[in-house]
Amino acid sequence: MSEELLNEFPHVVKSEDGLLLVEADQIIEVCTFLKNKGFDFLEAISGADFEEYLEVIYNIASYSKPDRVMLTVRISKDNPILPTVTSLWHGANWHEREAYDMFGIKFKGHPKLARILLPDSWDGYPLLKSYPLDKEQKVELEDETGVEICQI
Amino acid sequence: MDREYVTDKIRRSMGRRILTDEEVSGWWIIGGIVTFGLLFLLLFLKLIHRRNEHFKRQKMLEEQIIELVGIDLKDKKMLADLKAIHNEGYESGEFKDLSFLRIIPAIITLGLYIEWRLTKDLMIHAERQRRFFSCYLGRELEDTTPQRPTGKYLGLGVVTLGLFGIYWTNLIIKDSNEHFKDQWKLEDLLPEAGMEIDEGVDPDFYKNIILTTVDKFLNWGRTCSVWPMAFGTACCAMEMMATFASRNDMDRYGMIFRNSPRQADVLIVAGTITQKMAPRLRRLYDQMAEPKYVIAMGACAMTGGPFVNSYSVLKGVDKVIPVDIYLPGCPPRPEALLNAFLQLQERMKEERTVTKKFERWILKDRKEVVT
Amino acid sequence: MSDIRKVVEIPINMGPAHPATHGVLRLRLKLEGEIVREVDPVIGYLHRGIEKLAESLTYPQFIPYTDRLDYAGSMLNNLGYVKAVEELLGIEVPERAEYLRVMTTELSRIASHLVWLSAWGLDLGAMAPFFYCFREREEILNIFEMLCGARITFSYMRIGGVSKDMPEGFADRLQNFLDIFPEKLSEYETILTENEIFLARTVGVGILPKEDAIDYGVTGPIARASGLEYDTRKIEPYSIYDRFDFRIPVEHGCDVYSRYLIRVEEMKQSMKIVQQALDKIPEGEIMAKVPKKIKPEPGRVYSRVEGSKGELGFLIISDGSDKPYRLRIRSPAYSNVAALPVMCENAKIADVVATVGSLDICLGEMDR
């Protein structure tokens, strides 16, 4: 499958260690192509923090055959923006929110880009390598009631 | 072990003396004789008297019927049968009004046995304790508990038909009271002296017989129906469910899960509490009615457990709510949770809600007088 | 004239401490009378930062943390993780270890489904299955305890094999369980499958059409109840699953009743697999030759297994050190719950409880 993909999209390159690197602005086109070829199952969208850049990894599989594709998108740390794939899979919604929650990666056109696992008042993005493991956070009772119950 | 921690525990044990070392008044003896003895005497007399009266009436009735049949003299066989039944006599023979007093020797024997054991135990206990504290303090303490010749007393009790037992009971009450006083003095001599009791508690209130009895009654009710709140967040919830399911059935201890905090007595924090969850936990705790207890189940609830290094995990629920029982394990087995509940029941038996409420009320009054 | 019966939308908060949310899931509902107009799941109340912790732990040290992901069936997580690391290292696992792995994971799947059945039964108002299911689950846990000494958190699997061989009397006890379990299973079915009340509460409730299931990346029994014949054990057989005779149950009802049928059938199939594995288990080693210090070459691997809730994936990025550079867990319940708004569209509020229960969520795995 990766051969076909490389032929179709000249900008998709295979790196030395066998990763399929996709440009950020091409990700929707590549995913649409894959979906039409029968890769209809979006397993996960994961972020990863490398020293110079951030990576977004798309694991795409199929409900009917054992093939799998792993796409990698590299984006700069200063401006981590890439288009959302929620228009192709609704299931991407939560995965992208998680990547935003943990790495601060922004997805352009996402219907509701907010924190999902951590409280809204959280400061920083914990899965970045620069985030210290024991950073103290101030947590208060959030939203609706507005009554502060306790602080930790 | 931390020295301070153990000292703290010793002080807590000393503080418990208010609850355990109850001073008993000699008036109990007279009270016992007057209420228990006389009431039962009256009751028994009444019961026996009633029985005898009823039997007498029935006997007369039967005799009259036989007489009537004799006058008619139609059915000879029936007359003979009636006479035969009538002559079978009383149900279990005669029962004179005062014959039940025969039971008194038995009561005297039992009473003398109890008194003998109490006296002997106290003497052995006092002697052993004197040696223990002498050893700890490094100097010989004097023996203050009087030695009683138990054998002689036993003989006297038998000879005087138990009358001596009344005097003996008085001695036991006096000796124990003095022993408690001596020990309190001794405890205050220890280098770790100091009592850890609830703030502002006046020990006098704990001697009040009405308040303590009401408290004990309430505690009995509470310990027999501990209703925990089902608050399982993670792995420990599985073991919590297993504890309440078929094999380790907790219902037999009167423990039934409630899903609303307002109906629950115990909050089992089963599982990891994250910083996002902590305010919710606090709110649930606040919604529970007093008196409430908390069991921190598992390593996560105690300290953060394996996730203690994580950025989002609360390092022990005691940062948010007070905890009564810490239950280690990852996760603890159902048997361990069962044991935690039994320990909690022991803890609940020491609760003095009414006493405290009364005391607060009195103290408030006093303050008003002062100002 | 205005209609006085017109009902305004009422926002209602369900959870995070609610008996029907199986842990700490929170749902923000918008009600119009009794009809649910909007469902917004709020998650993260059990987010323990496992992925970050993994970066500070060596590869074998992370095994106990996998137990605490999906605590209803811990063996499956164990397998998912060690399989990923083995793929990264290129280790061949001995035959006997593979059989032991299959046996324990399938038993774990049964245990997990039993927990689900009991808890869901409680949600629907059936108290009896709770006690029945836990009776059998305790027996499975006893068998596990015999094997590795733990009841819930096993840490049984090792990178390159398993930690302990079968103890004496293990096979007999397992055989005994396999003999009695079908009878017990039919007991549950007598209580539920054709029960009028149960049918009224489940049939046609929480519909998830096939297209939506694909759209949301739903896996596991929920996907199979929506007509998707998708099971990692069949589509990409890992371990030694290609040697066993079993089938993947598929239903086309798309409702919560179909999910119930699927799980009951899965228990039967799992039992069949355990029986075959127990009969065929060979003698031999239980650990492969593994270096003392596990240091994979730089690279990345995405490995998936079929968990009791769906496809459980581990993405590991290695930088050549003894600690994973990045570890990502693809949890099945995360994607499944994302599809909840579709299932609860215009449902009655009581049906929300039935639907959430049918998802078999496990917050430890979902929030990680």
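Chains here go by letter, A, B and C, matching the order in which they are written, and residues are numbered from 1 within each.
Criterion: contacts are C-beta pairs under 8 Å (C-beta built on N, C-alpha and C of every residue); 3 or more make two chains touch, one makes a residue touch a chain.
Since we're looking at a predicted model, the values are computed, not measured.
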item: Most central chain, judged by mean C-alpha position against the global CA mean; value: C
item: Farthest chain (mean CA position) relative to subunit A; value: B
item: Distance from the mean Cα position of subunit B to that of subunit A, given in whole angstrom; value: 63
item: Interchain centroid distance [CA atoms averaged], subunit B/subunit C, Å; value: 48
item: Mean-CA-position distance for subunit C and subunit A (Å); value: 24
item: Residues within subunit C bordering two or more other chains; value: 44, 47, 49, 52-53, 56
item: Multi-partner residues of subunit A (each touching 2 or more other chains); value: 118-119, 126, 131, 133
item: Multi-chain contact sites of subunit B, meaning residues that touch two or more partners; value: 276, 309-312
item: Subunit C-touching residues of subunit B, taken from the complex the two chains share; value: 230-235, 237-239, 241-242, 245-247, 259, 261, 271-272, 274, 276-277, 280, 284, 306-307, 309-313, 330-331, 333
item: Residues on subunit B engaged by subunit A in the complex (per definition of touch); value: 275-276, 278-279, 282-283, 286, 309-312, 314, 319-320
item: Contact set on subunit C toward subunit B in their complex; value: 16-19, 23-24, 44-50, 52-53, 56, 64-65, 67-68, 71-72, 115, 118-119, 130-132, 134-135, 137-138, 141, 151-153, 363-364
item: Contact footprint of subunit A on subunit C as seen in their complex; value: 13, 43-44, 47, 49, 51-53, 56, 212, 214-218, 223, 228, 230, 235-236, 298-300, 302, 304, 311, 313, 315, 317, 325-326, 328, 330, 334-335, 338-339, 367-368
item: Residues of subunit A touching subunit B in the complex; value: 118-119, 126, 131, 133-135, 137, 139-142, 149-150, 152
